[in-house]
Amino acid sequence: MSWLHIMVLVPFLFAIIVPVIYRMVTPRIHTGWFVLIVPSVIFLYLLKYIPIVSNGDSVFISVPWIPSFGINYTTYIDGLSLVFGLLITGIGALVVLYSIYYLSKLKESLHNFYIYLLLFMGAMLGLVFSDNILVLYVFWELTSISSFLLIAYWYQREKSRYGAQKSMNITIFGGLAMLAGFIMLSMMTETFSIREIINQTDSIYEHSLFLPAMILLLIGAFTKSAQFPFSIWLPDAMEAPTPISAYLHSATMVKAGIYLVARMTPIFGGTAEWFWLVSSAGLVTLLYGSLNAVKQTDLKALLAYSTISQLGLIMSLLGMGSASLYYGRGDEASMYAAAVLAAIFHLINHSTFKGSLFMVVGIIDHETGTRDIRRLGGLMHLMPISFTLAIIGGFSMAGLPPFNGFLSKEMFFTAVLNASDMSIFSMESLGVIFPVIAWAASVFTFIYSMIIIFKTFTGKYKPKKLEKAVHEAPVGMLVPPVILSSLVIIIFFFPNVLSQYILKPAMGAVLPAYSQPGEIEIKISAWHGWNAELFMTIGVVGAGALLYLYLKKWIGIYSIYPYSMTFNNFYNQGLGKMEDMSFSLTKRYMTGYIRDYFVYIFTFLIIIVGGSLFYFDGAAFDASNNAPVSIYEGVLIISMLTAALTVLFSKSRLTAIVAVGALGYLVSLFFVIFRAPDLALTQLVVETVTTALFLLCFYHLPEMRRKAERVKFRMTNLVISIGVGAIVAILALSANGTRLFKPIAYYYENSYELAGARNIVNAILVDFRGIDTMLEIFVLGIASLGVYTLVKLRISGRGKSERAK
Amino acid sequence: MSLLVGLFFAIGTYLILTKSLLRIILGTSIISHGVHLLILTMGGLKTGGPPLLGLQDLPFTDALPQALILTAIVINFATTALFLVLSYRAYKVLGTDDTDQMRGNHDE
Amino acid sequence: MKEPNDIILHAVIKVAVVIILTFSINLFFSGHHNPGGGFIGGLGFSAALTLLFLAFDIETVRQNIPVDFKVLTAIGVLIAVFTGVGGIVFGEPFLTQAFDYFDIPVFGKTELATAVLFDVGVALAVIGTSMSIILSIGDDH
Amino acid sequence: MIEIILMLSLGFLALSMMATIFRLVIGPTIPDRVQALDILGINLISAVAILSVLLKTHAFMEVILLIGILSFIGTIAFARFMERGVVIERRRHK
Amino acid sequence: MNNLIIMPIIIPLIAGMVMVIFRRNLKLHKILSLIALSGSGIIAVKLMGENKNDGIQTLHLGDWKPPFGVSMVADMFSSMMLLITSIVAVCCLLYAFRSIGEERESHYFYPLFLFLITGVNGSFITGDLFNLFVCFEVMLISSYVLISLGGTKVQLRESIKYVLTNIISSFLFLVAIAYIYAITGTLNFAHLSVRVAETGQSGLLTIISILLLVIFSLKAALFLFFWLPGSYSAPPTAVAAVFAALLTKVGIYAIFRLFTLVFYHEPKVTHLLIGILGAATMILGAIGAVAHWDIKNILAYNVIIGVGFIIAGLASFSIEGLTGSVYYMIHDIIVKALIFLLGGTIISLTGTGKLKDMSGLIRNHPYLGWMFFIAALSLAGIPPLSGFLGKVFITQGTFEAGYFWLGAIGLLTSLMALYSVIKIFMNCFWGETFLSEEMESGTTKGVMFPIACLSLLTILLGLGAEGISAYTQLAVQTLMNPEIYIQAVFGGETAP
């Protein structure tokens, strides 16, 4: 176990002691201060890997977990996981700091909050550093669970619970799909290690499971990253406390899907299916998110949709970048490889500006008591710092200079333009869609960014609609967004530092061809001449500004689209319908009526066994083993049948009982004929006692009411009973005709020598199969206890028990 | 014999599928006879003398099925006794021997 | 209800019970070589007891035979199990029965088998069971 | 010769049994049925006895005795039941 | 020869009978039952050790040669089942100490509980078809008594259904035994296997194996589970938990034993049928679980889902699938007991099983709530809890057998299972708290310990799956290679 493993485990371990700390310090110090140590330490620790990784090296340390099945807790650090690790801990530290001021130390149950948070942090770190796909899956589900808990942090609220359940349903569904994909992957390659799978990539292209595995994995990734149409959980997840939204639902957890796609690109990338699935899902999501974001009135919902849209952007970049693998190396390969770089770059940028925006929205919520755009406005003068932060974040998101969003947006345009020129994967005809969608989505991105900034901070201040007197947030709450905003600007001015040390190693992890430094030269620059990208940006700004100004005129279009056609509605209706239908279905067959159950059981028996009889043609009649029937036996049989039929048709209890008794006696006579004296004895006595019991128990009951049952009822009974009888008889005849072996019973004929007994049956009972007899009297004993307790013990009603007499 | 057993099963099954608890129990009784006869049949019928050594020199019938039936009879007796008392109590407590009225509420 | 007059019944049954008891003991011991054995013997025994209960009433019989039949069942099962455990004690597999022939005065050459002990357990258990079932139900009315 | 007679008597016994069962089934009163059951027991005893002779075995002696005992007990139980309405009394003299 | 094997049967048996003799001394009952169950647990551990070192352990009762006497066989699979049975039984017993009430205690509750375990243990170790029937009956008749112990209306009503269903299935079992005896002339599993293999599994034998499958399906609640929801909701919590954990598993065990040891020659028919049944069971179970808003019902349907899922592993009939099944079975026994105990505790706290009538319990019972959460996750096979590995391997097994639909259904139903139990969690523990501690109709005092033990176990089994991997692999190896079993039973001699 190396330090690296311990670093992943530290959050979990710390989560265990959080309640203790909470109990010790609560009224005096905010628990968050202690928790803050964890991400900070890990962040600092991870920094030391930057030089290693930027040299093109990677770190691989394995600790056995379930080595028998090849499941090992393997940590693997390369550029990609390092980027994520830094994001998780870096943003994590800021979020913890922010939460210290956001959540009251007196009113909230902070220990729960921080336990969940640490759980999530650990899970996320484990996810990105894990090389074993099953271990990755373990952490993957843990993130879903901790997200569930965090969303429902205010569990008293109905909406929180709803959102939590929704996110859980969808992400766990995705997780299961991904698990299936992983299993297929390991079946193809006989290993659970991602690195080994990558080494075998060539051999699995032709495998029939290749495509299913890919699709299943992508379902997992798309659900986690809220790609269309699985995105519906993300807006509802905004019921979580804002620090959580900033952390999980914009910066880290939703990027786990991105991570997965990036991780799997070396395996699946370079194929048309992967290219199309990833990039088209990304583009559709990009458009869908940006379109929907514009119509939102809740600031967090707006940010949620913007997150969806941005995730789509990153996803599509990864998809386009995967084309690079098709070419391997060379100019074209590096052209598309730039898309991957852009994806990772935007990933970081998005974390910075979106994190900061979430925090600003949290501040607004905290200070005004609402996030509803319609009730906000004119906060510019009251909250100047927040306003500045919002401008930085918003402009960056809109893709304006001098903020980092501009750079990655430009690179995105480059990528789509490159993609549209592609000559593979049928892009010749369909490629033109890419830039169009990208541009349109960017326009809407611009619009909603403006809405965040200007609808809240400019316009008229509406104090009447607010519950509190508004003022600027405490310093502590402002520090984290300020740090993030400064990063937004710093990255704009020094993108190549980031590129050199972090982005390129990460790209190397996605595209193994570029895993060594110096393989490719991509320079990120703010100015690259009057090219198509720039014109696109200018167009975005122009069209966006126009549309924003006349927002009121066209916003009505949104209401045309009926709610009933949204996926959200499908989910809700589907869930409701599923419960209702399940209930009615279950109720239909689980009638609680024992006859129905027997009808099922016997019908099933007839169908299955009868069916297999037919299928195997197993009925084999062989009369040679059948004993001849003498007259006397014939009479006996007829008597027995008469008795049995009497039971069937008798109207009185007594007759029926007596007839069964008579039947029993006749059977014992049969035993005599078949040379079984012991049986005859036993049968006689048992029959007597049984009949006596019948009489004792049932004589005092009123006469049977023979209700005229419907013909259908009787016919069903008749058919089923004949079926059962026939099957038993046919099988008996066949079995009787197919005696394949000599029974083992010949052995017992030496019972006198072996067991000192002349009565073979008795010898078998007490000696050869003594255990049967032992257990048989045991059963008898239990039955007598049962009869006793049934008669004596009568606990009436529920709970409070009182003994009758 | 096999046919007889089949008939026993058919009659027993029919009884089990009726509504009256008593008839159901009687049905199980008849089936149990059927089962015992079946085991005996499957052991081979009338192929020898009683499984007692020293009586005669004939080959013996297969003694194992007889032992099995004995065990089965006893176990069946225990079960039937318990079931009888159970249904008797159920009749007393629930006030009916009609299984149709023993459905019970689903949400209980 | 008129006062019962059971003199004949009582007289007959007292004799019959003894006969049946003897017969059932015979059945029990003959079981090793002839039809019969623990189960039938036990049932016969309990049939005799049932006759007693029929002729007299539960309380009276209980006073004269102060046995808790459930305990009797338990003891019977335990005896059966312990004959098996005996095998373990002697390093044999569970339920290994032993038998041998001894010359006992009066009886002559007699076979003594642990299987008989096992059967005693069976018989006791059967007596206990059947009686406690009958009594439980009889008690209920 | 003896075999034929035995077979014949078996046949008669069977007929008798059928008749008894008929009585058992149609009743109409309980004493009728009890009687029938008792006769059935006796029939059984005879049948087993004849069968033993036929099979040349004394393995079924116990069976015969047992049937006798059971039928005895059964008759007494029924008699008691008809007299008192209860088979086993809890306590006779209060 | 190894007399240890019989111990798990006779220890609880003797202890229970001693308790019957000393009926009034309830303290003795408690102590003895604890000793007996832990004793059989220790023996199971010992057996596992011997299995690992010396292979399959056998005991030919009465020292009769294999096919003639009854053989008891403890292979790794059985021994593991024995151990896990003891563990779960001890936990439920501890729960019963605090919850079952003096009336039931003085009416032979503890002896009956032990007898139930006797039957279960017996079914796990017997090597003989008819003895399996007898052991089943021991188990069933104890369960009849336990389920009706108390004689409340619901109990009587549901136990009638339960008893009747099982009586029928027992009859059918005897019928099948008769057929098998007629055809093969033997009852010993190993001998059966030899003889079936010798002639090839003819059509008739396959039909009879299918008949046996139907019978065990009734017991295992595989597809024919109609009796289950009602009867598992009637008895007291501790009993319901043991039922949920063990009874269906015995049926499953029997299916495993037969279809890996004897009837393994026609997997394209029998095992496919098993798979279809498993799939149908999972689907119907999942539908039932989502449908209800009542704790007991939801949990009962979850038992059914579990059955279907374990069976899916057998259907695949591959090493992976069986490994998964073994893991999942162990997991399922533990977690089903756990969640039934939790559900029962909730019901005793709130006095109702209806989800809509409860809310916000977590404020006063955080530990209960979190353990329920863990149990719920574990139930659905969420990693790293105990169900995870089983789920992975069963899915892989079904995939490798080409039954992709089966694996997919398994995964989807596990999602639905999760949904149904999380529904309980959200409605019962979350939301506004309106039930103050004084208003509760029960308490959690004393019952938390067994629950905590089982929760811990499910976590440990997940994280420490490696710890038992050597054992599961051995178990699977035996299941996949009938020769090992046969060899052990006959001790090298050829079967007659």
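Going in written order, the chains are labelled A, B, C, D and E, and every chain counts its residues from 1.
Just so we're on the same page, a residue touches a chain if its C-beta (ideal position, glycine included) is under 8 Å from a C-beta of that chain, and two chains touch if they have at least 3 such contacts.
None of these values were measured; they are calculated from a predicted model.
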| item | value |
| --- | --- |
| Any chain that touches subunit E and subunit C | A, B |
| Most distant chain from subunit E by Cα centroid | D |
| Reference subunit A; chain at largest CA-centroid distance | D |
| Chain nearest the overall C-alpha centroid of the shown protein atoms | E |
| Distance from the mean Cα position of subunit D to that of subunit A, given in whole angstrom | 71 |
| Distance from subunit D to subunit C - Cα centre to Cα centre, in angstrom | 24 |
| Approximate Å spacing (C-alpha centroids) for the pair subunit D, subunit E | 47 |
| Interchain centroid distance [CA atoms averaged], subunit A/subunit C, Å | 63 |
| Touching two or more other chains - residue numbers and ranges from subunit D | 55, 59-60, 62-63, 66, 70, 73, 77, 87 |
| Two or more partner chains touched - positions in subunit E | 13, 17, 20, 61-62, 130, 134, 137, 141, 144-145, 148, 151, 160-161, 164, 168, 175, 178-179, 181-182, 187, 230 |
| Subunit B residues counted as touching two or more neighbouring chains | 16, 38, 41-44, 49-50, 52-54, 64-65, 70-71, 74-75, 78-79, 81-82, 85-87, 89, 93, 99, 102, 104, 106 |
| Sites on subunit B touched by subunit C in the complex | 50, 52-54, 70, 74, 78, 81, 85 |
| Partner subunit E, residues of subunit B touching it in the complex | 16, 21, 24, 28, 31-32, 35, 38-39, 41-44, 64-65, 68, 71-72, 75, 78-79, 82-83, 86-87, 89-90, 93-94, 99, 102, 104, 106-108 |
| Parts of subunit C lying in touch with subunit D, wherever the complex brings them together | 1, 4, 9, 13, 16, 20, 23, 27, 30, 34-36, 40, 44, 47, 50-51, 53-60, 134-135, 138-139, 141 |
| Subunit A partner contacts - residues on subunit E that touch it in the complex | 13, 17, 20, 61-62, 64, 67-70, 72, 101, 103-104, 107-108, 111-112, 115, 118, 122, 130-131, 134-135, 137-138, 141-142, 144-145, 148-152, 160-161, 164-165, 168, 172, 175, 178-179, 181-188, 191, 195, 199, 202-204, 206-208, 210-211, 213-214, 218, 223-224, 226-227, 229-230, 269, 273, 284, 287-288, 290-292, 323, 351, 360, 362, 377, 380, 382-384, 388-389, 391-393, 395-396, 399-400, 404, 407-408, 411-412, 414-415, 418-419, 422-423, 426, 429-432, 441, 465-466, 469-470, 473, 496 |
| Interfacial residue positions of subunit A with respect to subunit D in the complex | 631-632, 635-636, 638-639, 642-643, 646, 650, 652, 654-655, 658-659, 661-662, 665-666, 668-669, 672-673, 675, 677, 680-681, 684-685, 688, 692, 695-696 |
